[in-house]
Every structure is written in C-alpha cells, then in structure tokens.
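So, here come the structures, one by one.
What follows is a pair of complexes built around subunit A, which joins subunit B in one and subunit C in the other.
After this line comes the complex of A and B, so read on.
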C-alpha cells in the first residue's frame, strides 16, 4: 500500500489518512480526473475515499458527474501513482537558462513564413476548444 | 383541465385506461416509497462517499417516480398533477409492494431490500413493450439509469458477503427476513390480460418473476448465499401497509401539508 514516492521525506500520502482499523472499513484515497466535454484534456477533479476500486468508481460518479458535469472520468488508486517531487531532479541547483528559449524572437520569422505561405494570422481562439489553432477549413470565422 | 399545458397525449384506447393506470401506479409508488425510505440514510450512511451515493440514488428513484406519476396524470386526466398524486393520498391508497413496506433497518437490510427490489424492477422494466409509446420511451431511459443502481448494489452484496462474519450474518438475516415479501413486486395486476393484448406488457408478471428468480440465483449462488424463501405473490401484495410506512408517509407529506394548495 506504500505509494512510490521518490525524494519525499515527509509522510507518504496514505499514512495521513486515519481510516484504517481492525473492524471498520479500510478506506483508501482514489484520485479522480475528469473531462468536462469531449475533446477536453483530463483534469484533476479531486479525490474520493473508497474501500475498493469498484465502489471508488461509483463514488467518483456520484461526486463528479451526478449533475452531468463530466463526459469521462479516470479513477486512480492514489497508492498506484508514481510521485516525483525531488527538488534535485525537478529544480537542479545549477544554472539552466541555456535550456530556456528566451532571447530567440520568433515573431518576425513567423510573419515571414506566413507571408510566403499566403495565410493570415489565425484569429484568437474563440468559441471552441478546437485543436487546429483556429485554422478551420471553410465555414464562418475562417482564415480570411 | 387545470394545470400546465402538456403535449396532447397520444390517443389512448379507453379500455386501456384503467389497466395502464394500475400498472403505472404500482411502478411509481414502488420507486417513490423506496426512494424515500433510502433517503433516510442521508447524513448517517456508513461513510461519507456512500452517503452521497445512496442519497443520489434515492433522488434518482424519486425522479423516476415523478416521470411515472406524470404519465399517470395523463392517463387519469382527472385534473391532478404528479405532486397531487404523489402526496395527496391517504397511506392506505398507496400501492407499493410489501417488500418496500418495511422500516429502513440497518445497512445490510437496506442493501438486501434494494438488491431484491432493483433486480425485480429490472425484470419488470424488461417486460414493458411498445403498446403505449410514452411508457416505452420512458422505460428506455429508466433502464439506462437503473443499470448503475444494479452495479452499485451488486458491489455492496459482494462486499457484505465477503466482509467478515458480522457483515455476512447481517446480510443473510436481512435476505431471509425480506424473502417472504420479495416477490410482491410481481403481484398480479387486475388488468394484466388487457395490457398483454395491447402490447404494453410483453410477458406476464409471473413470467417476469421467473426471470427475476433466475437473475437472483445467478448473483447469490456464486457467493454461497442462500436464496430467499419467497412466497408466490397474491392479490394483496400491494395493500395493507405497516406502521413503518404510515410513519414514513407522515414524514414525506409533512412539508406539503404545512400549507395545502401552496405553489412550491
């Protein structure tokens, strides 16, 4: 039941939960990710406590979609999540500015490329979350 | 006719009116009473998540009851709306099955009762044909929701059956205690022959009961749980209610009766 935690000195996420007892239900946290509408990314919604994966699914459904607010749920036992929070690995102490793209100005090159290709600057993302960067074929709000 | 205007009901054979009303009232009262009984867990369920789940499922059942009472209001066409039918009757006029006429009981009793009823309701819904399209349409929607209720209950039956001696003992006691009343969901209807002729029902209540029994067996036997000793349903399976129901009736009509005729 110990989760895979790399670089954590504190208590593991499950040890802070005091629901385990000899007679009562042994509850475990399950993390719930939800998709609000088709095509959206899965986002962390919260968590539920459940005694087994099957009831976790039911509780996630009641907590995160009983009012039709999700099109898809992912329900993951927290203990099954590999956690990486080691500062040495994630935020190393040495200067890493050379890995950042700062100082490299794209705007003029992009404008020139667009001119060569004969396309206009795409409109700001408007009403929908489409994945084409706004360059939809035909229809209203097109490329002109 | 008073009340809000609804789409004109499809033409209904007058001979079908009474049998259809009888069927709808039985179905609606089952959902209504079981929904209210189980809503008694709100705030005191065994764990917080289950509290939300059982309360939400109870609300689902009340929603199903509402949809069925609305159809009943169309069939009766006597000026009463779904609220009037649901709340403005004397306790003895309710027609829920005796299975649902017990006090809430402990958690195992609630799970056992819901399990027996949910599977019975499923067998009944599977017996509704397209003889009256409004009901057939509604049943299609109800079955989509009931599928989840069944999964939730079977998960709990599994947990209680395998959850240690106390849990199993309570579950077995609850199934045994409710067994004699379990088949009352299939109490024969006076108008059954007419409903079968019209295609509102595709099989008799007795055939639905046989299907339910096979379904129960398929869930309980692998868990080593004894099949409840059911009694064949007789005419009175939906009449003569308990003190527990009269108490519940007082509870669920209390707000409505604080001011009769008020618009909520």
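After this line comes the complex of A and C, so read on.
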C-alpha cells in the first residue's frame, strides 16, 4: 500500500477524519514538527496520513528528513491537538499599547529632561535593551 | 513504499556514539562526549541524556530564576492600587502578570529536569532555596517603581540575553520570550522615571532618593567577581558571561542614561576608563548580599510569609484542579 501524504498544511474538512475502505485500515492525519538544527524550536513541517503511530513515524522520517534536514521530529495525531483561534480571546479589541514598545514614546520627554538638566544626549549604542526586543540591531541607536 | 531499513542506523556504532545521549557507552566516556558536545556549543534538550552534575546545575540555576520572578512581583504589586494614573496601573498590572508568567515558564523548564513544582514552592517558602537580592527590599515611593522596572529589569535582561545562548536549549528558548517582554518593562520604567524628572522638584527628588537606595543592591545583583576557569556554569555553557562582565555591560548602557536625566549615581568612585572601556566603582557590600539572599533582608520574611498565606488561601483552587475535596478558605480572606 502506498502511503497517503497530505499536501496541505492545515486541517481540511475532507481529510479531517481518516478514510476507511472495505479492505484497508483507517488512516488518519499526523502533524509533523521538525527541529532544523540543534537548539532550534520545533516548527510545523507538514503532515502525513498513517494507520498507526509507528507508520506515521516512518512516513514522517521519509518526508521530513530524507536529506538530513532535521535533527528531531515530533509526530502528533491531529485529533490530539487542541486548537484555539477565537479572535475575541486572542486579539481582543482593547487598547493594549501599554504592553508594547510603541506605547512608550519618549523622544520629546527625554529632550525636555536633557534641556532642564543641561546635559548632552549620550552617544548612540549598538546594544540596547528596549524597543529592539532584546536583540542586537546593527547601527540602531539607543534612543527612542 | 517506505524502505523498511529507513530507520536503521547509517553510521557505524563508534561514530553514532559521539552523540552524548547514546547509551551504549560506559559512563565516563559518555560524560566526556557530553562535555565536548556542550563546550563546542552543542545544545541539550529535556529528553537527552545528561550527567547528574549538569542536570543539578541547570536545575539550581533555573529554579533560582523562577523563584526570583515569583517573589519579584511582590514589591511592585504593593503599588498597583497606588499608581498615579489608570494607564500606569494597567502597565504595572501587566508587568506583574508577565513576571508571574515568567515564573510559570521557568518552573516548567525546571520541572522537566526532575523536581516537581510543588517541591520547588515548598523549598522556596521554607527558605531552602533563594531568590534575587533586589526582591528583599521595601518599595517606599512611586519612584521605586520606576527605578525597579527600568534598572532592576535592565540588570536582569543583561544576564537573560546572555542566557539565550545557554547550552540547555529549553531554557535558551524560554529566554527569547522573557527578554521580549522584559524589554517593554524597561520602557515602562524609563518612561515613569523620565516623566517624574520632567515634573516638580519634589518629584525629581523622589527619583534621586529611590536611586540612592537601589544603587547598592543593583551593584550587588550580579554577584561578586569570580574566576572564569572555576565557574562550572560557564564551563557547561549554562550561562555565557561572568558576573563582572554583566555588571560592566549594565553600567556601560545605563549610567549615561541616568546622567542624561541629571540624576546623580551615588558612588563617588564610579568612573569609566576610556582607554580600557571598563568602569571602576566602590566595592559593593558583599556581606549585605550574602545576608539578604539567605533570608535576612528587610522584607525577606514578610514576603515569604505572604507567599505562605497566599498559598494556603488558594489551596482550594489546586484541590479543585486535581479533583480533590476542596477546603474553602475562611469567609474573610487574609489577602484580597
């Protein structure tokens, strides 16, 4: 029997439930997560159809690491995945700007404070901890 | 058709054995492979084999970090109800929520290393494990809230950024999210400070007074200078930088930003050597650090007691989650 491998990335109504035939086993989708290199997070790679977890493992290995492109695979029955995509819960239409860097614009305040204190603006630094999300940004100054 | 041999080993046994988590080697050899792997920058996952020494070292490090996040919200929490505007109240509440969220993430990382979360909380409350020195001090004014969110979080993020390269991959990945959120806390704190500095003379005095009190603990926070060669956490690449490297980095970025606002850093010996780009400063009070982190700080016991009462008060929630008979708290809760 040839393994059925889904081409799509997400759940689709027609393949949601594994199909049965009089002679064959029930296939069901398994989602495959792969780690590209040591220490990376597991990312969704795609999915395979399989009649049981063991074959799902073999199919996943064939599909997602046959060029040695993964250091690790996670294979999970799609039916075991809990999905939350309710926009009311995930993206409520409230002002949450105080939780984001854009909620704090300090340029004018800093200029006013410097003027009062009679100080000069410190030299811009490549390394800064605010706004850049803790990542280094080449050449980006340390001011807002 | 899948090749039935697809999962058979491709490499000969000796070569495969160079992965430290293979179990077909004697312990010492396995240990050596593991050590080579992490020293070369290799990463370790929760499900990998690791020597007990490594497991214990990561666990101790992450547990202390988790404890600090959990205890660190208490000084700030006291100011939620006293925040000067609704927006500041929202921001401070969000910060407290974030820090507790960090504790949750970090306890989860630690738990995977083999110590149950309940045990970690018990040990924290029994004073058997530690949390960072800066969370043992009182918060006396709104100025403290600005200084904590800006400078305590900045000192923390200097360390946390370096941890994104930790050899323990689950910890390193957790630090990505933590650093991202901390960076907003720093902006919130700096905004509070800059706003006060543009205010009345007494508001500026408030900030300066807070800075004077917090500077000592901030300078102690990263710990005494240590010998790089003897530091096991560095050797295992659990962390990447020494205490002194972190302190220097903190000073380099934040001292000019304090000066910019007309604030005085309360250390007459603080000076940047332009040729070596290193700061000299008055030796921090290491006796104070040791005394504070072992539970003898001004607020150590009060905050631990708060955690104990709070835990007793909410035990019915945990019981309900586990489907156990819940004992309801008294009608008048100790804390609201």
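Here, the second predicted complex is superposed on the first by the 73 of 144 C-alpha atoms of A that agree within 3 Å, B and C clash if a C-alpha of one lies under 4 Å from a C-alpha of the other, contacts with A are read in each partner's own complex, and residues count from 1 in each chain.
As a convention for this text, contacts are C-beta pairs under 8 Å (C-beta built on N, C-alpha and C of every residue); 3 or more make two chains touch, one makes a residue touch a chain.
What you see is a predicted model; the values in this text were computed from it and never measured.
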- For A:59, decide between first (touching subunit B), second (touching subunit C), both and neither. both
- Name the contact category of A:43: first (subunit B only), second (subunit C only), both, or neither. neither
- Task: Could you say whether A:27 touches subunit B, subunit C, both of them, or neither, answering first, second, both or neither?
- Result: first
- Message: Going by the contact rule set out at the top, does A:51 touch subunit B (first), subunit C (second), both, or neither?
- Response: first
- Chosen between subunit B and subunit C, the partner touching more subunit A residues is C
- Note on the structure: Where subunit B and subunit C land on the same part of subunit A: residues 55, 58-59, 61-62
- Note on the structure: The answer for subunit A against subunit C in the complex is residues 2-3, 38-39, 41, 55, 57-59, 61-62, 72, 96, 98-101, 103-104, 106, 109-110, 112-114, 116-123, 125, 127-134, 142, 144
- Task: Over in the complex, which subunit A residues touch subunit B? Could you list them?
- Result: 25, 27, 48-52, 54-55, 58-59, 61-63, 66
- Query: Taking the complex as given, what residues does subunit C use to touch subunit A?
  - Reply: 1-3, 6-7, 42-43, 45, 87, 90-91, 94, 154, 157-158, 160-161, 164, 169, 172-173, 179-180, 182-184, 186-188, 190-191, 194-195, 197-198, 249, 252-253, 256-257, 259-262
- Note on the structure: The answer for subunit B against subunit A in the complex is residues 46-50, 52-53, 56, 148, 151-152, 155-156, 158-159
